[in-house]
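Some notes on the structure that comes next.
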Amino acid sequence: MCENVRVTVWNEFRHERDNEQIAKIYPDGMHAAIARHLEEQPGIVQVRTATLDEPEHGLTDEVLAETDVLTWWGHAAHAEVADEVVARVRDRVLDGMGLIVLHSGHYSKIFTTLMGTTCNLKWREIGEKERLWVMAPGHPIAEGIGEWIEIEHAEMYGERFDIPAPDELVFVSWFPGGEVFRSGCCFQRGRGKIFYFRPGHETYPIYYDKDVLRVIYNAVLWAAPVGSARPTFGNWQPLEKVGD
Amino acid sequence: MCENVRVTVWNEFRHERDNEQIAKIYPDGMHAAIARHLEEQPGIVQVRTATLDEPEHGLTDEVLAETDVLTWWGHAAHAEVADEVVARVRDRVLDGMGLIVLHSGHYSKIFTTLMGTTCNLKWREIGEKERLWVMAPGHPIAEGIGEWIEIEHAEMYGERFDIPAPDELVFVSWFPGGEVFRSGCCFQRGRGKIFYFRPGHETYPIYYDKDVLRVIYNAVLWAAPVGSARPTFGNWQPLEKVGD
Amino acid sequence: MCENVRVTVWNEFRHERDNEQIAKIYPDGMHAAIARHLEEQPGIVQVRTATLDEPEHGLTDEVLAETDVLTWWGHAAHAEVADEVVARVRDRVLDGMGLIVLHSGHYSKIFTTLMGTTCNLKWREIGEKERLWVMAPGHPIAEGIGEWIEIEHAEMYGERFDIPAPDELVFVSWFPGGEVFRSGCCFQRGRGKIFYFRPGHETYPIYYDKDVLRVIYNAVLWAAPVGSARPTFGNWQPLEKVGD
Amino acid sequence: MCENVRVTVWNEFRHERDNEQIAKIYPDGMHAAIARHLEEQPGIVQVRTATLDEPEHGLTDEVLAETDVLTWWGHAAHAEVADEVVARVRDRVLDGMGLIVLHSGHYSKIFTTLMGTTCNLKWREIGEKERLWVMAPGHPIAEGIGEWIEIEHAEMYGERFDIPAPDELVFVSWFPGGEVFRSGCCFQRGRGKIFYFRPGHETYPIYYDKDVLRVIYNAVLWAAPVGSARPTFGNWQPLEKVGD
């Protein structure tokens, strides 16, 4: 871990092409903004991008085999992600690939499949403030972050967030409208690590925020696979003599 | 909770009809053995059974609506369980119905769907001993149980058990062949509680064991729904005045 | 569990005697308000109270032996609680007695000793609103509660709350000043269950609030001891034949 | 994390001086065996040792200030560790220093203080085999380890191990006498990370085992402090305008 990490930044990449306002913020797509930042960080040796409208959504067996951590942003077109690609990504996560699910990715097929729950939530889009409080100040994903992160304009997500209780809860968000949200959640599934991170609506320049980018970078290092044994399954002979 | 619980005991009910040896142990099926025990317990007001070969596997909307806790035993015919019934059961669990998954039910569609992982494991069938150690002596599922449960002849299941880390780990099994297994695991999913309990192979009279039956009964009480608010999801107005 | 629960409501009981304003709200002390409510609830068969200025703070071996669940409110006089009483209470908790720690009890000797951390936090007293969101809608402590609890005037507690990650997180509070707080936290220690519940400042009539009282009642039922085996410790003979 | 880690290896260092048999295995003490291994590992820039009979047990403020991760082995002389040193170590752990507690260190003042429970267990010393199964194959502490670790001759520790449920359970041990044990346990306390690792009895050459040494090294990297904000506590002004 912590070095030679190969990242693939996946993006639905529709809003940025369909909406002029959003195109101004992210002319090359949100994936480009995230990828550019990660490319410059220590420990990361390769950053690719992949998008929905590429063949196989850019997530071929080859690409996944060479990906240590995959970040995922989707929103309007979750249903268009092919089930076989979802199954392929899931297999890779269970085998050790890290997965960082961003913002509206909470409703993606890959996240809901891995969680087993609806991943539903409350939402509101009035550009209000968000403050993410650090719940776990010793967690590697909080490295370099102050006591909280403030985002001036954000879409609101509110609890109940219908996920399994996270294995580690790193951030909880406050919104002025009166809601809270578990906005930084770690899950271990199979040999893979999953981090859900809330910020990132397409109509705000959130993926240029240095704290948000730092968290994504930290999460990538945290989620990188560990060189541990792949468990064997199935019929199994005793390791010790049984009975007389 | 703790009273007026309505249970439905579900069983694949094939081995008991196909195999003479097994039929001798469970002439009316394993579900009958479990149901008879539960019927006599305080706090339980209704016990039904349902099996794979009934229409809709006996799990109609009506039955599920009147079920507080569902127990599940399946093995050879997981694939024959209809996807729409699985989806129906899952919706009920997320809405609050308890689910007790027994033994080879680890590989059922309903369990793997709710877990999001493969739920794979190691196994061996040589009739060896199993000793289940209590890890959480204050847990309601351990009520009335000693420091451990001993089962003279059991199928072995060994780690790695590919599940999410359980919210609470109640039992860990020891096997003479050298393996261990997380054999009593609690999960909260949506408003529902899930308990996986390992013992129960069809070729041994395990569902007559008083400790095993006690754990199933305890788990039923623990998993009974709580009269809590059903969360609302979707677009949401602020509860407080936002901005100036 | 769930029946025949014997509760002892412990209170520092100083503010109510020293401060006229507070005496008006709680003429017989906060413990009396809580005790009166619990006395009327099903499943509870005995409610005592005990206070700091009684001999042994009212927590003799006899009283503790007859207590299934102890609730604790302290604030200004944590240091006056005798270490031997703290040790006695701790032993009982580890042996199975439930403990409900209320509000400023976060800084009590008994809570900090059982947690192992400072239990420090941010605070502010300007009588602002508190909204407690239910994080775990299927949890028995949330029974009968809506999606959230609203308290019109409360002292603020804000994160970072220096506790171990709770085993279960039932409530998270929102405050208008911009803070959040894990305000309903479950811990298992030894055979005992501990619930920390934030609301309850002495200058507000919070222990007359029906939702707050409901949570305390639910927590008492949840924390009641389970009739499980007391583990044995120390030198231990093998249960199986070892070696050849 | 993951680089420039400064380790202090602490050892009671009595058995190795008092017992000829043990002195033969560890002529310079167990701390020397561990320290020598760590010195050669990448990411570790400094390894000191400290022992009970040095002034302040070798754990002055200066030493602790320059220690990122402290490993702890104690057994016969837990009571001789000065309370003020324990308090000093605890403060450093809560402030971010990692702590690796080895074998009989389960009963040390520093571990029991941080856990809040008795940390008691069953034990037996007949030199039997131990097999540690990996429960969390994606965890950094399992890096480079197979599906299990085998130790030919070990002291047995058996459940019930009276600790809080670990935040992450990395290993569970199997013993031929019929017991199991949670032998690799992660805890977060304050900003610090704690790892309890069971193997290591003084009468067996366990700290020369490559898997055991690998786990200790992995744990050191995992437990190294993260450069995150130190939380502020106490009275706190609102970040947002409250009220009208």
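Order of writing sets the labels: A, B, C and D. Residues in every chain begin at 1.
One rule holds in what follows: a residue touches a chain if its C-beta (ideal position, glycine included) is under 8 Å from a C-beta of that chain, and two chains touch if they have at least 3 such contacts.
Keep in mind it's a predicted model, so treat the numbers as computed, not measured.
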Taking shared residue numbers divided by all residue numbers at the interface, is the value for chain C and chain D over half (same) or under half (different)? same
How many angstrom lie between the CA centroids of chain B and chain C, rounded to a whole number? 32
Mind pulling the chain B residues that touch 2 or more other chains? 131, 134, 136-137, 147, 158-160, 165, 167-168, 176, 178-179, 188, 190, 231-232, 239-240
If you connect every pair of chains that touch, what shape comes out? Choose line, ring, star, complete or other. complete
Looking at the complex, which residues from chain A come into contact with chain D? 1-3, 96, 131, 134, 136-140, 142-147, 167-168, 176, 188, 190-193, 225-232, 239-240
Interface with chain A, chain C side, in the complex: residues 131, 133-137, 147, 158-160, 165, 168-169, 172-174, 178-180, 182
Chain C partner, complex, touching residues on chain D are 94, 113-118, 120-124, 126, 128, 156, 158-160, 162, 164-165, 167, 176-179, 187-190, 231-240, 242-243
